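I've put the structures underneath this note.
You will see two complexes here that share chain A, one where it goes with chain B and one where it goes with chain C.
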Partner chain A sequence: MAAVAVHQFAECITCHAWSPDQSMVAFCPNNSEVHIYKLFGEKWEKMHVLSKHDQIVCGIDWSLKSNKLVTVSHDRNSYVWSQEGTEWVPTLVILRLNRAALCVQWSPKENKFAVGSGAKSICICYYEQENNWWVSKLIRKRHESSVTNVAWHPDNILLATTSTDGKCRVFSTYIKGVDSKESESSSSDLKFGEQIAQLDLSVTWAFGVRWSPSGSILAYAGHNSMIHFIDDVKSNPSAQSIPLRDLPLRDLLFLSDRVVVGVGFDCNPMIFTADDTGLWSFTKFLDQRKAAPSSSRGSQLSEAFGKLYGTSKQVPSNDTVEPSKTRGGAHENCITCIVPLWKRGNTTLCRFSTSGLDGKVVIWELDIPK
Partner chain B sequence: MEAEEEYLEAEENLEAIITRIEHKSRKIETLLKQSKPVDALKTALEGSALKTRDERCKSANWIVVHRAVMAIKDVDGMISSLDPEYYDILMKYLYRGLATGDRPTCDQCLRIHEKLTEKAGLGCILRSLSDTVNTV
Partner chain C sequence: MVNFISIDDGRAVGQEVHDPHPHRNQLANPSNPCESIPFSLTPTSPLQSTSVPPSSRSPRLNWSEQIDTGSSIYSHVLLSISKDSTMANTIRLYLTCIRNTLEAAMCLQNFPCQEVERHNKPEVELNTSPELIMNPVLICRNEAEKCLIETSINSIRISMKVKQADELENILAKKFLRFLSMRAEAFQVLRRKPVQGYDISFLITNYHCEEMHKHKLIDFIVQFMEDIDKEISELKLSVNTRGRLVATEFLKQFI
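For the complex of A and B:
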């Protein structure tokens, strides 16, 4: 069993983030607040409740170096929280959106953050020292529908987005004064809001876009139970689309350039690996279930299929007792968020946490072969 | 101007598609006479023009697939010898069959649906339901 720890925090968790030293976790329990819990030995204590938003907080990110929390909400606002003593002090960021904000992520250098919204636009926010506030620049073109996820390239300039119009796009977010000119990028890419690439691989909603640690591979999940891997997006894109056996994924995480973890409606993290030639394939489910895979669908699903086929389907005895969805795994409901947990000094990632609609935060640890 | 050209090009393609389907139909009749229902189904599913929006082509292909589907007696055997690349297309045709409401068609489609889901998983159903571009 690869799940190292399971914590039940609430009825349902929208999203979560960890503090730089991984002693505190911030999450939204499906309302307009952000709760921060700290681990004291074996017990979790609620330390702070941040309640500035009016509607559900759908995105939280905690910057590792500058220790700032950024939250975005359906109320079209964003706050950057800094810890002063024992209090968290919010700074309102005026995003200039007329629809809900859906996701947020700090850039690798933590001088910018990107917000995806239902207004078919992305906000790139940076700190202006003279006026002591965060400025938001919008990328309004190109998207035909809500932006579900954003992902920063390690170079701090390229941003990949997935949208409910099924496409994955890569933009340049170069801001004069904030980003320095890198010698590798060609000057034509540097214009803010310029679309570098558009990927039309999915006909259905796209979620969970991520760059690999080296920035050479892009991956995202389609709502039609497919996962797409694209190599070398900038110059010569080559794509691989893998159809999944079961339900769609909602979020992804690269553990290395060769290993990806996908989480979604199966309530069980899936590992994908690339072989030496760069060919990706599904390797295994992370969670070992108590029941055998073919009968682990749960009584609800077997019953439904039984009614469909007009026969009294043989329901396995261990399922008949509970109508609930417990299938013996760590998560009982859809996993919506996956966050990396870097160990100091390690270059490869082998720990991460997932949170889902069942209100649990589960920490997983793996041995990654080099 | 461009739209018109596209339309004319599509027209020619439609004729080519209809001819191909007629070709397939004859091949399937031969295979069925030789008691090879699985090969007949594979032939029916092969080369289905999913991207076309023309209803006649889709109906023509459906008739051919329907003929092959109804001739299957050994569902388990058929599923195990079918290439995985055909799972998604077959699932789409099964849903079309279930939508007809015709009792014998629905019974057969339901029988195959059960086995195909066991083999291919829920992802197959999801792909057939969510794909609005490649329809049957």
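For the complex of A and C:
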């Protein structure tokens, strides 16, 4: 129930993604390139360097079924890379954005992908077979600030977004010709760009939105160290907000309908579980740390008492403010990205990987009781 | 959101009142002075407040809120001590408070500019998107010494006003801090000009947090604050000593 493997790839990693067979990892080492490393036995070797972007690549997603990589960057561009032989061939996607792109995710059926941007809009891109290129449709109206994260619902149509205006919104991204019409959903919902719900739970910026595997629960983190869970967004939403003791979260992952992992500025993944009634609570930190020396604080306290009530002579101040304790643990700097690692045949997820600003990619394994 | 923290006899009790979310009641452990004050620095929310008059009898330290009606919304934390208690204790509490605030505030991330395409600017300096900037926090040790911490999504600006008891200290502080500010490149996190009304300012961006450890940056700032006071006292001492020596030598000829 801890870190299975720790790999140091670079000084700082912005985001990462795994290949479908989990033998290769693609990440951005905080510059305009994407490095792809492959595991040969015990060693990692750099296989490819994809350098088409001009500015930092902030989002990478690797589709599991069609083996395509999509990358988005602060230079407002996006490329879809497909592997032909030993080379990766880029296809430019015209996003029609006038500000940086911030995040990207393939849809569950991998026929579309969504890009959130600083232009306060979302791009939904799909492949047009006749013209042999990727077309983008923009959802412009609703956001009041940059869109930080996007998350697809398992039905391939609903998209949840979080933004720096603190709100989480759910949109319908039905595209005629790409999505098949479901018989049960009403036609009014199916209009492209229709806002299904707007959630106003967070006072500060919202990050890390995810749907549960069944699609019934939506979770996102607020920068005021809170995590919000919303049940049944479409018809009868009920929300739970849990305050965290420490620093805010950056990204979330649902391991099952009842277990969520949150990662953020604490450099330590946090597990949240729901009990049988559906009440969420914080369970534990995943990483074992050295116990904080509470005894030193006790002695400070007695020194303080001594100063206040005791002698008034000038003592040399040896009671300097104690320096911050270095944290032990897998990550040394903020964790920015968490990616699931599905095991073939398994329906529940128990492995995931995290990458952070310390340049490490750490693989974690967790036993989830059924 | 209003933060009211009172320190009784060296212990701190932190509580958030006037909170729109009642389940966000975070009561810090009374036995740990200033240990975890999870400051949620929220970007909006106008403050309601009252000002608590400082008590003067027992060695109590009161932190109080004050109203500020200007366009910049900030919580004003005032630390006042009685005449009986020693000064050495308050510096530690002041610095611990600053350290805890910085730990909460220094959660920065790379954020491209919303106003200008392809640019990446520190939002706290740009000041054009109000939703990206948080409430500034002002931590005062007394009327003369204070520290203003302004955070945004990708940068944090820390401005300090150091203690200047008399004219000589005023001149010394100004010269010394100007010397440091002019060499701001060497420090990387120093700002070339202090913010209006303060003596020195730091500007820390997400790039600094990526290159350097966050806790080391905070250590640096807190250590800097401690050392500034010592430096200026030493400088004053040496000026006075030298003045005395020169005067003695000069007046010897008249004996």
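Please note the rule applied: the second predicted complex is superposed on the first by the 334 of 370 C-alpha atoms of A that agree within 3 Å, B and C clash if a C-alpha of one lies under 4 Å from a C-alpha of the other, contacts with A are read in each partner's own complex, and residues count from 1 in each chain.
One rule holds in what follows: a contact is a pair of C-beta atoms (placed from the backbone, for glycine too) under 8 Å apart; a residue touches a chain by one contact, two chains touch by 3 or more.
Remember, it's a predicted structure, so these values are computed and weren't measured experimentally.
Student: Could you say whether A:245 touches chain B, chain C, both of them, or neither, answering first, second, both or neither?
Tutor: both
Student: Is A:334 touching the first partner chain B, the second partner chain C, both, or neither of them?
Tutor: The second partner, chain C, only.
Student: By the touch definition at the top of the document, which applies to A:203: first (chain B), second (chain C), both, or neither?
Tutor: Both partners.
Student: Which touches a greater number of chain A residues, chain B or chain C?
Tutor: For chain A, the partner with the higher number of touched residues is C.
Student: Could you tell me if A:12 is touching chain B, chain C, both of them or neither one (first, second, both, neither)?
Tutor: Once the two structures are laid over each other on A, A:12 reaches chain C alone.
Student: Between chain B and chain C, whom does A:102 touch in the aligned arrangement: first, second, both, or neither?
Tutor: It touches chain C, and chain B stays clear.
Student: Touching A:224, do we find chain B (first), chain C (second), both, or neither?
Tutor: both
Student: Check chain A for residues that touch chain B in one structure and chain C in the other, and list them.
Tutor: 203-204, 223-226, 243-248, 305, 308-309
Student: Show which residues of chain C lie in contact with chain A when the two form their complex.
Tutor: Touching chain A: residues 9-11, 20-21, 23-24, 26, 31-33, 35-36, 38, 40-45, 59, 85-86, 88-89, 91-92, 95-96, 99, 103-104, 107, 109-114, 117-118, 120, 129, 131-132, 134, 153, 209-211, 213-216, 218-219, 222, 226 of chain C.
Student: Under the definition above, what is the set of chain B residues touching chain A in their complex?
Tutor: Touching chain A from chain B are residues 88, 110, 113-114, 117-118, 120-124, 126-127, 130-134.
Student: Which part of chain A faces chain B closely enough to touch in the complex?
Tutor: Listed in rising order, the residues of chain A that touch chain B are 203-204, 223-226, 243-248, 294, 305, 308-310.
Student: In the complex of these two chains, what residues of chain A are touching chain C?
Tutor: Its residues touching chain C are 11-12, 14, 30, 54-56, 58, 74-76, 98-100, 102, 118, 120, 144-146, 164-166, 203-205, 223-226, 241, 243-248, 250, 264-265, 297, 300-301, 304-305, 307-309, 312, 315, 317, 319-321, 323-327, 332-334, 336, 357.
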